[in-house]
Amino acid sequence: MMTLNAFLIVAAILFGLGMAGIVINRKNVIALLMSIELILLAVNTNLIAFSYYMNDIAGQIFVFFILAIAAAEAAIGLAILMVLYRTRGTINVGAMDTLKG
Amino acid sequence: MPNLIPLLPEIFMLSMICFIILTDLILRSKKPGVIYYLSQFTLFGSFIITAYLYSSPVITSFSQSFILDPLASLLKIFIYISSFFVFWFSRVYVSERKMPQAEYYVLTLFSILGMMLLVSAHNFIVLFLALEMSTLPVYALVALWNDSPYGAEASMKYFVMGALASGILLYGLSMLYGATGTLDMVAVSQSPHDLLLVFALVFILVGIAFKFGAAPFHSWVPDVYTGAPTAITLFITSAPKIAAMGLAFRLLVDTMPVLQPEWQQILIVLSIASMALGNIAAIIQTNLKRMFAYSSVAHIGYMFLGLLAGQTAHGYAAALFYMFSYTLMAIGAFGLLVILSSKGIEVEEISDLRGLNSRNPWLAFMMLLVLFSMAGIPPTVGFFAKLWVLESVVQIHLVWLATLALVFAIIGSYYYINVVKVMYFEEPDTAAPFVCPDNLTLAMSVVGMMVLILGIIPSSMIMLCRSVF
Amino acid sequence: MIVNVLFMFFSALLLGAGLMVITVQNPVKSALFLVLAFIAATGLWLLLTAEFLALILVLVYVGAVMTLFLFVVMTLNIDPASLRQPYLKFYIPLGLLFTALLGGLLIYALGHTQSPFIIYAQSMNPASTSNVTQLGTQLYTEYALPFEMTGVLLLIAIIAAISLSLFQPFSSKHQSIDAQINVRKADRLRTVK
Amino acid sequence: MNDSLTNLTLGIILAPLFAGLIAGVFGNRIGRVGAHSITILGVFISFVLSMIICDHIFWGNISPLNSNIYTWGLSGNLNLSVGFLIDRLSAAMMGIVSFISLVVHIYSIGYMKDDNGYQRFFSYISLFTFAMLMLVSANNFLQLYFGWEGVGLVSYLLIGFWFNKESANFGSLKAFLVNRVGDFGFLLGIAAILRYTGSLDFATVFGLGSTLPVHQVTVICLLLFVGAMGKSAQMPLHIWLPESMEGPTPISALIHAATMVTAGIYMVARMSPLYEYSTTALSTVLIIGATGALFTGILALVQNDIKRVVAYSTLSQLGYMVAALGASAYSVAIFHLITHAFFKALLFLAAGSVIIAMHHEQDMRHMGGLRKYMPVTYICFLIGALALCAIPPFAGFFSKDLIIDAVEQAKVVGSHYAYYCVLIGAFVTPLYTFRALFLTFHGKERFSEETRGHIHESPWIVLFPLILLAIPSVIAGAYLITPLVFNNGFGSSIFILPDHALELVMPSLYSLSLLFAVGGIIVAWIFYIIFPTWPAKLSETFSLLYRVLILKYGFDWFNEHIIVPGVRFLATTFYKVGDEKIVDDTLVNGSGRLMTKLSHVARKLQSGYLYHYAFLMLAGLLILLYWILLCPC
Amino acid sequence: MPLLSLLIWLPVLGAIIVLIVGKDTNPNVSRWIALITSIITLLLCIPLYMGFNGHSYAMQFQEHYQWIPVYGINYSLGVDGISAPLIMLTVFTTLLVVIASWNAINTKVSQYLASFLVMQSMVTGVFAATDAILFYVFWEAMLIPMYLSIGIWGSANRSYASIKFFLFTFLGSALLLIVILYLRSQNHSFNIIDYYSLKLSLHAQLWIFAGFLLAFAVKVPMWPVHTWLPDAHTEAPAGGSVVLAALMLKLGAYGFLRFTLPITPDASHVLDKFMIGLSLIAIIYIGLVAIAQTDMKKLIAYSSIAHMGFVTLGSFMIFIIIRKTGSIADAYMSLEGAMVQMISHAFSSGAMFLGVGVLYTRIHSRLIKDFGGVANTMPVFAAFFMIFAMSNAGLPGTSGFVGEFMIILSAFKANFWISVAAASTLIWAAAYTLWMYKRVFFGKIANDKVAALVDINFSDKVLFTLLTIGVLGIGVYPLPLLNMMHGTVGHLLTLSLQTKVT
């Protein structure tokens, strides 16, 4: 029963996991970046499922570009992580609360 | 061969950016001024091209994924103007600080290119790519000045929140694709009302609200505004907001007109939340940048009033006018901070402005105009912005919302006049007059005078905004 | 029939790996679980006859991005102890609640939608041309603009990453030969009156 | 003929005004002599002109003039203007006012010789004359009210003339406020007149007098009488007159004896066409007048300050005049007003010259036997005293006996009570007058050797006005009684209802009141010349009554301890509790504090932790989703 | 010749010149420029008075230019019986303020004079505007110069007072904006005169009345929202206090006459007892509160609240009067009394504030206990202050009396007890004014600072003579002032009596 709705539900759950990854993670920033990857993966699965069930290639092209962007984002994210580590000495999310109020 | 005429400004911009990267490579920062003048020339050039293309009929190219219509051109023109001011203000600031000079200009120009594309995107893929193109460089810009301890943290927060928001927006777009079968905006707008569409609408609205910095999704605004160097905050608070207007018009007005009642309801909630939180949280702030951050959240709330009033009550024109006047005011406010801290010392606290009237009366007067305009006091453009937004809300019989908005405006006016109080009523620590280079005073005076003159004769500006819809 | 089993297997694998990514403490382990998740996703995509993208995912993503992650995790040599998160137990149910709520909403929306694409969705008959050719024809005709923009985007990513991480103040004492060559008399000679 | 009369009245009124302004504004430029000569000239002009007008009106039987000078204001169909009503009543009043003012001006030259506020003093008294003349000559209520408050203002300035003296300041403020209480009633009266008759002009109002329903007329008359009580110091509002003695003696003579205090009487006489139609008003006037006459007279018995004695005697004489008004014997009241003006001014000025001689010593217990040193003052004081006590040849006899006779015939409620008061008053008056006479001029000298050295008769400039006043005190009664009272002296200006008419007969020597008067003199002679210790013994036996009299029936105590602290307490509580606490603190600053508290809460929302931000965002997303999907309201 | 525009924009031009030319080194330059500007503007008032026809109620000196055609907002000016006298008052008061600042202000003189010239043009604009948005623009623009002048040149805790003043007025005027927008949504025009004929249901009228009430009650100030005035007065510089007392309070009353009565007649008819109650509270309660004051300026501030209570009483009594007496003519007096009271209160309390300002510049204290026996050292000043104190206490012959007299008389026509309450002001006004006068001027010289006082110089004498002419002029001959109002008052009465409920 490989139906469209099943795929959507799997993608939704994966999306939820990605979001939960950001919310419940109190410690390292890398986990945040990975959760973002998870979210993008969920969206891609969603799109591919739609394009498969509507035999319209546009969705897959969209996924193609999303992958490119995800890569670019990951690059910048890790660069910022390096800067953060260099200035702050730690990548602990809890330590990033000097800007508040 | 797709029609490249509508893309002329973008092409010009991209080629100029590459040219700037190459010149920087050759000059190896011997003559730093060249990059600045090149960037200003790029903006000026694009302005000329867009102005030339303004009167052309509505053309779509690249198989309806890129559209050139008066709205897009107008938004682009305002992006150029605000960026021109951003560069003009932050030139000294950037050269004083130890940050890669050329990269600052290049990344900003890339972000502007992204905004130009975003504003005239007519296909979800182009829209999303343009959105990413406009935000990615800003993540880097925020962390560019590695001396400041906060830059990295602000940038990381902005990155994570930004990625999350774009993920949500993507999810919305994918559901929209799923429900309507196409990625093109015009086709989506023809599809009938459907619950899945509403489901997708919420996700998209969250993405837009994040980009604007509206209330429940505003958490990044205060930290990023304070953490980033003031010059970059100046950029963040002006140009991206106009691009976000483009995003909002494309996604809400062009793509989902049929869901107007739904997103009107959501916008009412968002605007009340933003006005309330923005105005109330800003009262006890002592850091000027953080205060202006909260005030930007509040102003977005007012702009949403225009958006939700719909086309019949000329709400969109009022929202557009509000956004242009807000950008002008924000440039004035942060511009002053940039001028004051261009000598190396960071001017952030309200108490740093103490007694500015006796140190430099003209600058203080300009800041006074900007502050009163933000509070919405008549002789300034801010008043007419608020007036027309409220007028359109009253037009659709939401008088209670207009009253609530004004009550928040009064609460909000406290912290603006508090800054005026600090500037005018208190004695400065050092009696030495604040000498500021002429071109920066000229920049500030232009902004101040525009706030005042547009406040006195705003009819041409509002007609411009009306003609676009 | 075999398709459903494979689908069940791969989606279970995908969700399990996803859950492990966010719950495991050690960054290296979570990176590896992410790799597992990607592989499971590839499986799913193959089922959906999007084989080009599936392979791209494995090659580009798992190959490049995940290695970058591992590289960063290694270079920052964070001791796992400092990342230990004691009372994770309270947070996991919160996260699951999130997913459940979201899933529930989606099911509700799907249940009530009338859009033709969702209701009459049926599996695509095997396409005449292979996935790659379809992608290829569309990519350079219909979607030329996004393609160009992606190029620019990657350029931005490179510039941004380099400007952030590489920027070293020119305090290092390396000699710049060309500056020494084309020095002029005025730089060196000062006539004292 | 009319416009010559108007010019004359203008001359009468404007002369003192200009003189006062010139003395006030250019005082130190024109110096002391310049100041007093200009003011005396002004008052003299107005005296001469008023004599001419009296001659025209009384003997040249010129018809009364009622003309408007300029319209002051126009509102709806109401035309407020400034104008003059010159008839027998106002002519008489103008005459008496200008004469007394002239005499006081001359007297002040001597009295205020060594005072540094000399020019200011002269400008004040001539401004006072202007205000009084405006009041007297008014032809509508607006101008009457203008004059009314004008005199109140100048009396305030003059009582508080020596503003370094704390008691003078207190006295002047008290006088003004009590007058203001009276004016409060007076203004309401004018408002009532406007409400019921629709105009403020005397002619129209008096014309409508008969047509108005009785209760309306009563309301008007009672309210107007409250104004009169305030101005002419009737019973409850009389407390300011004794304190007004703080001012220089000339002004006591001018204002607090002859002119200002009589304004109330003049006003009631002028309003006779209204009062006649309300018997209740008349009876209240009668009762208040009579009680005032008796009880203030008794108070004079226990006073030791010579000026206070004369002040209380003025209170009691005013009571007599008001009683006469109550008995609707208006012409008799005015007649007594005129004669009283003469001898009361005489008494005050004589007391003044005693004070000058004793170097501002006012306590009678330190005087005695001054007869030898100041013969002229003694004689004048004696003439005044005799006139006051209604001894036959003198002016007082004619007017006071007529009043007693009129009160007896009064047909209004309470006339019996009033008659007894007035009669006993006739006994009490000579008692306190001769007590004062004997204490100051007879008996043994009770002052120190050093003061004896320089007691001498006052200089000629002081004595001349005394003589000027002594003459009318003697002859005025006889001379004026027939023209004013008997052959319808005031003609049309005073209106008396037929059934209120009184048959007044020439006072005879065998009347009961004369008996009482002579008896009073003899008793005084016994108590203060033959057995000087008796009064002290008497005060021990009736110590309770004595203390009540000392306390002046507790009016002053009531004012000092109940009203003033009460108002001040009310004011402070209103301010501290009402304004500062409730409105300012809780509402205004309270809302400010609430905003700051909310702001702190909003600030905590921005905790700085990334996961809080993400949580807020996702929560926002979920709430929006649930709200828009599940309940599309 | 666009007289009204000239009256509005000439002072702004003067202000700009003063700002450019004025330097703190020699302040006299800017003082002379400011003086010349204000004198020229005063001369401009003469054609306004001459050309003004008191009997016609239509707007005179009309000007009409397109401002923002898209929204139908146009720059239209016009003057009628109510606003002409007030404009002349504004111009005259600013002349006084400029003269008073001659020796009162010596820091940042050019900014001080510029802010008051701008203030004058804004207030004239408010009185002259007949377009609702133009009215609102001037109404709010006035806040800035006042806020700055209280804040920069005020005394000790000026910041609190100026912020409180700003927020109070801004809150009030915000609701005014809502009402204007609502009215526009009803009949698509911003012209005030069109609103007079706009049919409105009673429910709508009550809401509009509430909006107008809060907006104008804050400015009048009526009882519950008045606490900003004493603070603003105690902290404002002398000139600021005069403008605050003479002009700002009139705006609220003007608003009632221009907006509330004609636009929402039925609501005013229904709520007139409530308004009368509030005004009587202002007269009695605030009158008593004034007695308890220890600070001179606060006392005069409270006294001006009490006087303004009369204005609102006068303007809201017309309904009861007409119900009682049945003829419109009787209600004339109450409205005209209110208007005269507005003008005359400006003179008397303006003068007293200047007087206290003179004392403040010499002794730097406003507390009554720091003074005593000032009359000994400053006799001329004491004489002038006596005239103004008497006018404040409402003595006939002075300006203070005229308004109160007319209102108390018409109060009796409405109801006996209202007029008793209103007349009680005679006692309270006399009490607090003269008690303050006694404690400050009479008595022995309290301390050596008072002994060192020197009498007022020439410029102050000119100032006080001008004011005395104003005070005594209106007191002795108010006819020209009343003649200006007859036409408009008649029209206003007919407007507020015809019901607008469809």
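Residue numbering begins at 1 within each chain, and the chains themselves are lettered A, B, C, D and E in the order written.
Basically, a residue touches a chain if its C-beta (ideal position, glycine included) is under 8 Å from a C-beta of that chain, and two chains touch if they have at least 3 such contacts.
Keep in mind that what you see is a predicted model, and the values were worked out from it rather than measured.
Touching chain B and chain E at once are the following chains: D. Think of each touching pair as a link: the shortest run of links from chain A to chain E has 2 of them. Relative to the centroid of all protein Cα atoms, the closest per-chain Cα centroid is that of E. In this assembly, C is the chain whose CA centroid lies farthest from the centroid of chain D.
One simple way to say how far apart two chains are is to compare their mean CA positions; for chain C and chain D this gives 103 Å. A straight line joining the Cα centres of chain D and chain E is 36 Å long.
Averaged Cα coordinates give chain A a centre that lies 97 Å from the centre of chain D. Here the spacing of chain C and chain E, counted between their Cα centres, is 70 Å. In chain E, no position touches at least two other chains. Each of the following residues of chain A touches two or more other chains: 8, 15, 18-19, 22-26, 32-33, 50, 54, 58, 61, 65, 69, 72-73, 76, 79-81, 83, 96, 98-101. The residues of chain D that reach two or more other chains are 603, 606, 608, 610, 614, 618, 625, 629, listed in rising order. Inter-chain contacts, as defined above, occur between A-B, A-C, A-D, B-C, B-D, B-E, C-D, D-E. For chain D in complex with chain A, the touching residues are 603, 606-611, 614-615, 618.
By the touch rule above, chain E contacts chain D in their complex via residues 164, 168, 224, 226-228, 285, 288-293, 328-333, 336-337, 373, 375-376, 383, 386, 390, 395-397, 401-402, 405-406, 408-409, 411-413, 419-420, 423-424, 426-427, 430-431, 434-435, 438, 441-444, 476-479, 482-483, 486. Contact residues on chain A toward chain C in their complex (touch as defined above): 1-10, 12-21, 23-28, 30-31, 33-35, 37-38, 41, 44-45, 48-55, 57-58, 60-61, 63-65, 67-76, 78-83, 85, 90-92.
The touching residues of chain C, when paired with chain D in their complex, are 98, 101-102, 105, 108-109.
On the chain A side of its complex with chain D, the touching residues are 19, 22-26, 32, 93-94, 96-101.
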